[in-house]
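Next, two complexes with chain A in common: one pairs it with chain B, the other with chain C.
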Partner chain A sequence: MKNKAIVSKKVGKDLSEKTVSAIAYVYMFLFSLLALLPILHVASKGVSSGEFVTAGLVRFFPRGFQLETLKFIILGTGFLPAMKNTILITGIGTAISMVTTILTAYPLSKSEFRGRKVILFLYVFSMIFYGGMIPAYMVMRTLGILDSIWACILPFAIIQFNMFIVKNYFEALPSEIEESAKVDGAGDLRILVSIILPMSTPVISTVGLLYAINYWNNYFHAMMYTISESMRTLQVYLYNLINTSSEVAMNLASGDGMTNLTSAGLVAAAVSISVLPILVAYPFVQKFLVKGMTVGSVKG
Partner chain B sequence: MIILIACTVFAKGASEASATGEKKTGTKNALLGPGNVTIKSVYQNVTFDPNTDLMAGLIEKSTGYKAEYFTLPAQNADEKLALEVASGVNYDIIRCSRSQFNMLLASNALMPLNDLLDEYGQDIIAGHTQETWDAVSDKNKVIYGIPYKYAADKEVASFIVCRKDLMKKAGITEMPITLDEFYNTLVTLKKYYGNQYIILTGPYLPATEKNENWKFPKVIASAFGIWGEWMTDENGKVIYMTEAKGFKPMLEFMNKLYNEGLLDPDWAVSTNDSVAEKFSSGKAIMACSSRTGCTTMSPAVIKNVGITYDDLSYISPLEGKDGTCTYMMTEAISSISVIPKSCKHPADVINWCHLKLQDQLYLNFGIEGTHFTYDADGNMTPNNPLFANERGNSYWYCNAMDMAKYQKDWPARIRKSEAQWQCWKGTTIATVNSRDHVFVDNPFKFMTAQENYSKFNSALHTSLNDFVVQVICGSKTVDGINMLEKDLAANNLNQVRAELQAYLGAK
Partner chain C sequence: MKQHCRQEKKTFWQYFRQNWVLYVMLIPGLFFLFIYKFLPLYGTLIAFKDYNIFTGNNPLDAIAKSPWVGFEHFKRLFSSDQFFKVLKNTLVINGMKILWLFPVPIITAILLNEIRIKTYKAVTQTVIYVPYFFSWVVIFGIFYSLFGSYGIVNTIITKTGGERIGFFTDPQVFRGMLVFSEGWKEVGYNTIIYLATITAIDPTLYEAAKIDGANKWSQIWNITIPGILPTIVLMLILKVGNILTTGFEQVLVFYNPSVYDVADIIQTYVYRLGIGQMNFPLSTALGLFNSVVALILIVSSNAVSRKTLGRSIW
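Up next, the complex of A and B:
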């Protein structure tokens, strides 16, 4: 009798759990559609026939499948150089930024470091008061790096906010570990590389990701500091394409592309393939983004 | 702000340069010749890489000069140009917009070209009329730029495209010429099709026309004597559109169309894309459009509803009851090529432009028999797709042109696209051939930058368009024009008017 009651209670619990799970799944499925459908719509437009795109007949699946638009975007426009530049800037820039950030944050995390407060004040000051576009442009010009990837990298070689996150993290690490390493004869560099950095992977990966996103998305500096078409970054390329797509489509109306090359189709195709690197990388870096919400913050 | 500071920085550099300018002029005017100079040029933004495009190679081969091409971004182009020039980057030639020309001229950044053109560019001078040169000169007739005009002085740039197949089914065999015929056509279509189709969708606002983008079709406005936002009356007095006799009747007419269900119910919120979608998908019988719009709309509707180009027709400027029909000419300067003071080889830059002009036919249209042929009337016909593939981007590289010759052959560039050619034939050619008198000269076509106009005209334009939409869609009546007039006055209408009147007086 007792067993029967337990079984029935268990069945009841299973049912309610299942119902809650089902509701949760349906709920999450609907929410994921909110994110997925716009992507499907844009991607479908990029590979649909021009007449369907112009007439607004493409919803979430391609109609009149064609690859001419994608082919034109990849081979007939500055897409590939722009993608190459953005990948280079993101890769090299993130590496440089991490080195400068760590090498700055580590000494500043030590209270015994002389002049620490003055240097910290300078970082805070420059974080609040920006010199302005023209002085920055003049600096780039004087350095002779205008119209090169370095003009898009060096201004972000260190972002004060990110440096403070790393510094705070370093400060929270137990000093006893460093002291024991010193007793064993390790120098500052050895302690940083072999002790501190392995203990700081959460903050390093998170800040690295923040830098990478900043380099990838940066539009304004790339637009102001570059002028050769071959030096354009992906964001500048996309903005230019969106602005000139109707002119491009009109101009190509009787070339090899003919009717499939429409203004909306060109933009959709370019946007679709532009997000591919992010889509591929996102699953691997997603956990760092979540960690980034709390890392460096004060925990109660 | 960036422009202002950049201009100040440049003005300082420019004045320093002019202090020693006399001595340098001699060396600056020296021609080094093709092969000895690389021309660094700046143009407006573009999607392809102009340095690797076929045209770059053709120009180098034709002129003997190597050229490097740089582009301004789509956004903040003025700020970017101001920064580039102010920082003294050594560009040799900049193809800039009218507003950018004014900005650089005001900053004392441009090199006077009279001597250079006299010495190395006689054909360049001959390529334009004196009136055009005056538009790029200061009061002392010092030339600061080489103009590039829009190739069509007369074009019905905005029109209504129609489904002739559906009109025929409803018993309409002739395209309307007058406003009454147009109204009767709409009513007949409504009676025949009811709510099955949108009778007329619009408005269509071409991105290039900016201040001429009105929320009513220009081909309807023509019947009410309205051809521009700023116009002149029979006495030469400058008037704003709202002061024209036909303005109120035009709005009443548009409102009548809307109330009778002859216009798209979404008229107030329509975008170019939604207009194109409705026509291309076969939901609308008529649509406001332009040559650019028809490039994609026409092929799309042909494929989607299974018709041919013969089933499309076009409504050109309509005539009013008293025969009134006015449509503004499209003659304008689209860009100006300037040489900044920092240029080290201006003589070679002018020579480069001159050599390009000498080879204008080959560079812009190709080889006769290969890229194009001439028909019996002497009109150029392109051989597609070769013409489009190999000369499609040539327009972007133009600086100095022999405009008369270029204008004659230019329609071949429209002919690259069947869709464009069909609407060009159906509107511009038809109107020029049969009703050339409808085109009205724009007295402000070559107007230099005017302070009040630059500051206040956008606000005037917005107030006007807002009021127009509200009246068309019935949320306001035309009697509320007093409120609009007050609004316009508050937005400095009279200051702009006084400025434009003074400009005309000084012409």
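Up next, the complex of A and C:
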């Protein structure tokens, strides 16, 4: 009798474990599909022939494969200048942000640094109190940098949150090596460059990526601070294309009747090609991005 | 030790002279902070002035040269229906997002933790994080392809005999679109923080529970959930603290005049008032109101978190 009870208990335990496990596998499968299928759908639409797209027959694989739409997006719609602007902003912006962030985080990571509290307060305060859209716009206008790549870089030259991630990481580094270098007469800048930074490659990669993605994806500031067509960034270009795609397609149709260039196809192709760099880079940088969410984000 | 401390005590100038390099390092950051974060604080004076952008040598100079009007703009703001509409929309939309989306990453993390096949876990994790790295414009493009009037969803609806749904134009469903697209973008990535917390739970707790005969459900209920509860509370506090400031770029990209009634939030209205209608003072007043209330919310939510959990964001 006693024996039987134990056996049934054991079976019960196995059952609950099996149930949870089964739910978990199915749930994650469905969740992954939910994330993946929309991307597949859009990518397929961008390379499917116009008749299938218009008839709504494209699901998750291309039908009537063609590259005409992609070619038209790249060469006929202002995509390349927009891409050039975004690459410039992302490259220069990330470099500036990283230098600024590291230089700021290092002194602030030293507990004995005089004035640390005041400076930290400035950064925290500016993080939680926002002067507002119009005042910021007036500053940019006064500085005369509207409609230039600098207007897209300045707002993110230092993101407080990212700086705190780096600062917290520096704080957690063992201080012995630094102290012995100091005894050997190395200056602060030298210690930062040749001792601290080599020990901090994980956090540097993480924060660098966070900055780069932020520059790459930003829409609002680019839209607000730039006016001329030649200054359009990728996101501004894409937004405009989505909203004017039906007119673009209609004009094309009345012209030389390129039937592959449908409104929906144009949007899909433009979206696909805009996220391509992120999708290509993602598998390689994923582990750094996952770390970014957990490293030093919350003060313990 | 005490002796050592006393020797270390220097005047600020002595310290500064020895460590001036550290102060020089702060300059670039402070420079940007000053220009983009603190100069605009001066700009908030626009809310208290009869601001004319052309009265000065430049837009900031014009602030000083414009006459004071006190709280005139705020009075106008608080007596307008539009103000209460956008305030309500902001709270409703962000409230709906918390209500519907907040539990999802928690459930996902708990289930993800039960997966034993490493490759399966790694692949599904990788896939569900992807949308987080897309811009709102890209997400809009994807949702337009799915839910636009000729998108795949409406095609399926019409083929099965239903009527087209204006997902982007029907005020009845538009907020749902905002919640769903937010979920699609953020939920996967938000599981990371919970997953990290679950991983840190002491595994001997589970072993002890197993010996006591606790089944999986009761292990989740009695060990996992209490283990991540502080993180859950912290995240909830942060979400509530940010209820006035989040979601701007999403709404800006997704909305259009046909859904202004249900989708126009404080920040989008600030934008249209200021940049669209060039009503700089009223726009600045609304923005300032929003910033002040948001500041109070964030500071108090942080205080709550520090008191109850001993954890804070600063």
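The working rule: the second predicted complex is superposed on the first by the 258 of 300 C-alpha atoms of A that agree within 3 Å, B and C clash if a C-alpha of one lies under 4 Å from a C-alpha of the other, contacts with A are read in each partner's own complex, and residues count from 1 in each chain.
Rule of thumb we're sticking to: a residue touches a chain if its C-beta (ideal position, glycine included) is under 8 Å from a C-beta of that chain, and two chains touch if they have at least 3 such contacts.
Keep in mind that what you see is a predicted model, and the values were worked out from it rather than measured.
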Tell me the contact category for A:Ala24 with respect to chain B and chain C: first, second, both or neither.
second
In the three-chain superposition, say which chain, chain B or chain C, touches more residues of chain A.
C
Report for A:Tyr239: first if it touches chain B alone, second if chain C alone, otherwise both or neither.
both
With both complexes overlaid on chain A, does A:Ala136 touch chain B (first), chain C (second), both or neither?
second
Touched partner set for A:Ala268, first chain B, second chain C, both or neither
second
In the superposed arrangement, does A:Glu229 touch chain B (first), chain C (second), both or neither?
first
For A:Lys45, using the defined touch cut-off, is the partner it touches chain B, chain C, both, or neither? Pick first, second, both or neither.
second
For A:Ser32, using the defined touch cut-off, is the partner it touches chain B, chain C, both, or neither? Pick first, second, both or neither.
second
Considering only the touch criterion stated at the top, classify A:Gly56 as touching first (chain B), second (chain C), both, or neither.
both
Identify the residues of chain A that lie in both the chain B contact region and the chain C contact region.
54, 56, 133-134, 137-138, 141, 224, 239, 242, 263-264
Applying the document's contact rule, which stretches of chain A touch chain B when the two form their complex?
49-52, 54-57, 76-78, 81, 133-134, 137-138, 141, 146, 223-224, 227-230, 236, 239-256, 258-259, 262-264
Considering the complex alone, what residue numbers of chain A touch chain C?
9, 12-13, 15-17, 19-21, 23-25, 27-29, 31-32, 34-36, 38-39, 41-42, 45, 54, 56, 58-59, 99-101, 103-104, 106-108, 110, 112-115, 119, 122-124, 126-139, 141-143, 154-155, 157-158, 163, 187-189, 192, 213, 216-220, 224, 235, 238-239, 242, 263-264, 267-268, 270-271, 274-275, 278-279, 282-283, 286, 289-290, 293-294, 297-300
For chain C, which residues are in contact with chain A within the complex?
8, 12, 15-16, 19, 21-23, 25-26, 28-30, 32-33, 35-44, 46, 53, 58-61, 63, 108, 111-112, 114-116, 120-121, 123-124, 126-131, 133-138, 140-146, 148, 150-152, 155, 159, 184, 188-189, 192-193, 196, 210, 213, 215-217, 220, 234, 245, 248-249, 252-253, 267, 270-271, 274-275, 280, 283-284, 287-288, 290-291, 294-295, 298-299, 311-314
Report the residues of chain B in contact with chain A in the complex, numbered from low to high.
2, 5-6, 9, 42, 45-51, 69-76, 79-80, 83-84, 86-87, 89, 207, 273-274, 276-277, 280-282, 291-292, 295-297, 299-304, 382, 384-385, 387-389, 392-393, 395, 416-420
